[in-house]
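Shared chain: chain A. Partners: chain B in the first complex, chain C in the second.
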Partner chain A sequence: MLTILVCGNASAQTGMHINNVLGGKYVSDPSVTEVIMSGEQKFVKAHGLSNLATFRGDSETYAPILQPLVLADGAKSIGRNVRYKDGKLQYAFFMLPVTIVNGKKTNRYLYYLNNPDGNKPSVMMIYFDGTLSRTDAEAVISKLSSLNEN
Partner chain B sequence: MCSSNCKIILTLLSLIFTVFVARASDIREEMPVDTLLNASCASSIAISYAPESTSIQVNNINGTDDNFYFKSGKDHMRLTLGASGRTSVNCSDITNVTIVESRTALCVEFTTCDGETASYDFAFVDPDNRSFTSYVGRRASDFGFTISKTGRVTWECVSQGLGIGWVDAVRENPETGTSMWRSYEFTWLMTLGVRMSWSRHHSLACGLGLHWQNFHTRKPWYFHKNPDGRISLEPYDEGVTNHRSRIQLFSLQVPFIYSLSFGHKERVYAKIGPIVCFNVGGNIMTEYDYEGREYSIKTGRIGQRPVTVDGIFSMGYGGIGVYVRYSPMSKMRTSSGLNFGSLSTGIVVAF
Partner chain C sequence: MLNYLLMDKDLDELSLIIRLGERYFDCSLSDAEEELLRDMLGRTRLSHPAIDELLALTGFRTNVGLRSSERRLKGRVRLVSGVAAACVVIFSLGLYTTVTRRASAISAPADVTTCVAYAGGKRITDQEAIIRLLGEDMREFTRDVRASEESFSEELSDVARIIDNIENEYPEI
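Showing the complex of A and B:
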């Protein structure tokens, strides 16, 4: 399944390693759900976001692909919370360095969750940026995680 | 000759392909070395190592107000300095600070104000199951949260559920004629308790609280304790005015409450659970005027049941809500001759 909504440029996201999996590269796989939002989308505006990109796919196939990309982007972060399980990245939350986009300070966040043991083994990556604070970012991730589970 | 060249080319291509595949595999399997901090100077560094966790703080990185914070995970994700015990390192005016995380260890290196190089290697006890948090900023609390959805349980002390409501006797035998409008209760569901939360939405709490109930009869009767301990309802004498009579029960309660929070910022909540009540006090008070004089008669040791179990359900928004409380067990001992439970409802402040 694939859902892509593109309404603007993802400038704060430019140059990131995770872009290698975004943009429809894996659309042929029915296990993949990809969402890209920006601009005037209701959800984006409601949460103070400028850009939002989520990728969800089968854990066995996509965790080995996503993990090095997420870690490479996370290596530049100013804040990180990571956990490994059996040698594999299980959970990561990165607060990336602030960038200036159109004269506005833009906070950037990257979230990764690999759940290989559930009924539907899946891996999820969420990138988003905007003026939202760290606490608001927590709420966004929580909401997106629950949406992705459904 | 041509065949030989082809073989060489094929062999080379095979080698290149093998190297390429091996390289691609390495990208997937190997964890990169992660430089958590690389600063030219800092005002101080503090390393606190303990078996349960390790923390590092580097202040005023590169002469700015920014600090570096690191904290390792718990359980088998702790760090070790090669031996058990506790270690504390404190040093001021340091330069060339690097903190690097690899798959197996955390390496801290800096130069002291004396020009000596200090180096500490903290090996992860269980590298495959390690976890840590690091942050560069002004306050550690700016990054003091975890959004893990598995195995994250938090414990905290709480005080909640200050309420006032109306109460009525139910399943009365004999009928007490209790007026719900005139009967009221005060409750502090959890004066002090402990709450266990395993997600943003769900929590369990247990604690110790207080509960008062006053059952006023609306009939022109008063509660009377007879010499044999039985409580009966007796009519007032002729000429008695402004009369009222009530049974008061006081309980120490131990509630077990499950809470569900949802909606905008989890402000909407619903709570439900049983409450074990230790009914430590009870009395009858009857007040009336007779021939221009006011009388007040209080009787203790009324024979309340020492332990009862109630059920409570409440829901609300933010700090305020409503509750319904039901007591299916009789409040009084059989020997008292009264048999009634209670049903109450009211307003609760969930601070």
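Showing the complex of A and C:
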């Protein structure tokens, strides 16, 4: 029965390691912010996305947790841009293998940035997927950055 | 008369035990009938080769006390099995919920709408507040990425300068 239950859900889960930090696991920590948007959500659809998830937390605490998860997911990427500093992952962009969701080809993108030296040392991870191309993905980042800009 | 009645009763009992015994070996007894056979074999004062054979082959105990303790043990085993089965079901449901929850954190089916954020240890469901929070996080992200790229470019320039200096120490002849 366990096998049936677990296997029954395996298709829904994309098998991503970063799921381990999402879903409210660390949100009792005030330094953590997490956003999850998916499905028939107007905002998500307006940006050509199916799912969007972000996680930000204190660099010292969460970089050691996030880095291995992001690298594990990025290991099978089909496109990447990765930078290390002082032996630690500083920036990563991964274009993950295409998946088929509801008969549609879905592109998946994963970003990671560790900034331990800033005024507010933080590490951030962004994941989103949809039918959007890599160029569109860059545009989405800049669009989302200009949200509610004063 | 009394002896006759007892004998008659014994015959009925023996006949019933034999009939039940035959059906026991045919595996056609219901649970209630099997329980009745156990009871009768345990309680009977009769002596008959058919009863001995049944006792030997079925492994039913003749001692009623032992049988009742066996029944209690069996009851306990059933109870433990029931509790274990319930635990498996509860654990499975828990696992199912966890897996679904984790899965839906990123890969929610298209017909499931999720819009939730957490900040400062609080859960936020107001869409405007979520979008504001998302905007702030993304701005910080792009600012830090830019800073990281500038720092990377500076490092590359430093490396280029070092290479230039090394090459200048060994001018071409």
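Note that the second predicted complex is superposed on the first by the 128 of 150 C-alpha atoms of A that agree within 3 Å, B and C clash if a C-alpha of one lies under 4 Å from a C-alpha of the other, contacts with A are read in each partner's own complex, and residues count from 1 in each chain.
Note that contacts are C-beta pairs under 8 Å (C-beta built on N, C-alpha and C of every residue); 3 or more make two chains touch, one makes a residue touch a chain.
Keep in mind it's a predicted model, so treat the numbers as computed, not measured.
Engineer: Applying the touch criterion given at the start, work out whether A:M95 contacts chain B, chain C, both or neither, answering first, second, both or neither.
Structural biologist: first
Engineer: In the overlaid three-chain picture, which partner chain does A:L71 touch, first (chain B) or second (chain C), both, or neither?
Structural biologist: After superposing on A, A:L71 lies in contact with chain B but is clear of chain C.
Engineer: According to the stated criteria, A:N81 is in contact with first (chain B), second (chain C), both, or neither; which is it?
Structural biologist: So A:N81 only meets chain B here.
Engineer: Can you tell me whether chain B or chain C touches more residues on chain A?
Structural biologist: If we count touched residues of chain A for both partners, the winner is C.
Engineer: Looking at A:T61, would you say it contacts chain B, chain C, both, or neither? Reply first, second, both or neither.
Structural biologist: Touch partners of A:T61: none, neither chain B nor chain C.
Engineer: A:S142 in the overlay: touching chain B, chain C, both, or neither? Say first, second, both or neither.
Structural biologist: It touches chain B and chain C both.
Engineer: After superposition on the shared chain, which partner residues are touched by A:S50: those of chain B (first), chain C (second), both, or neither?
Structural biologist: Second partner only.
Engineer: Which of the two partners, first being chain B and second being chain C, lies in contact with A:R134: first, second, both, or neither?
Structural biologist: first
Engineer: From the superposed pair, tell me which chain A residues show up as contacts to chain B and also as contacts to chain C.
Structural biologist: The answer is residues 83, 85, 91, 111, 113, 115, 141-142, 145 of chain A.
Engineer: Which positions of chain A touch chain C when the two form their complex?
Structural biologist: Within the complex, chain A touches chain C at residues 1-2, 5-6, 9, 12-14, 16, 18-20, 22-24, 27-30, 32-41, 43, 50-54, 56, 83, 85, 90-91, 101-102, 111, 113, 115, 118, 120, 122, 124, 126-127, 129, 141-142, 144-149.
Engineer: So in the complex, which bits of chain A are touching chain B?
Structural biologist: Residue positions touching the partner: 64-65, 67-68, 71-72, 74-75, 78-87, 91, 93, 95, 111, 113, 115, 134-135, 138-139, 141-142, 145.
Engineer: Which bits of chain C are touching chain A when the two form their complex?
Structural biologist: Chain C reaches chain A through residues 88-89, 91-92, 95-96, 99-121, 123, 127, 130-142, 144-145, 147-149, 151-152.
Engineer: State the interface residues of chain B toward chain A in the complex, per the touch definition above.
Structural biologist: Going through chain B, the ones touching chain A are 27-28, 31-32, 34-36, 73, 77, 127-137, 142-143, 145-150, 200, 265.
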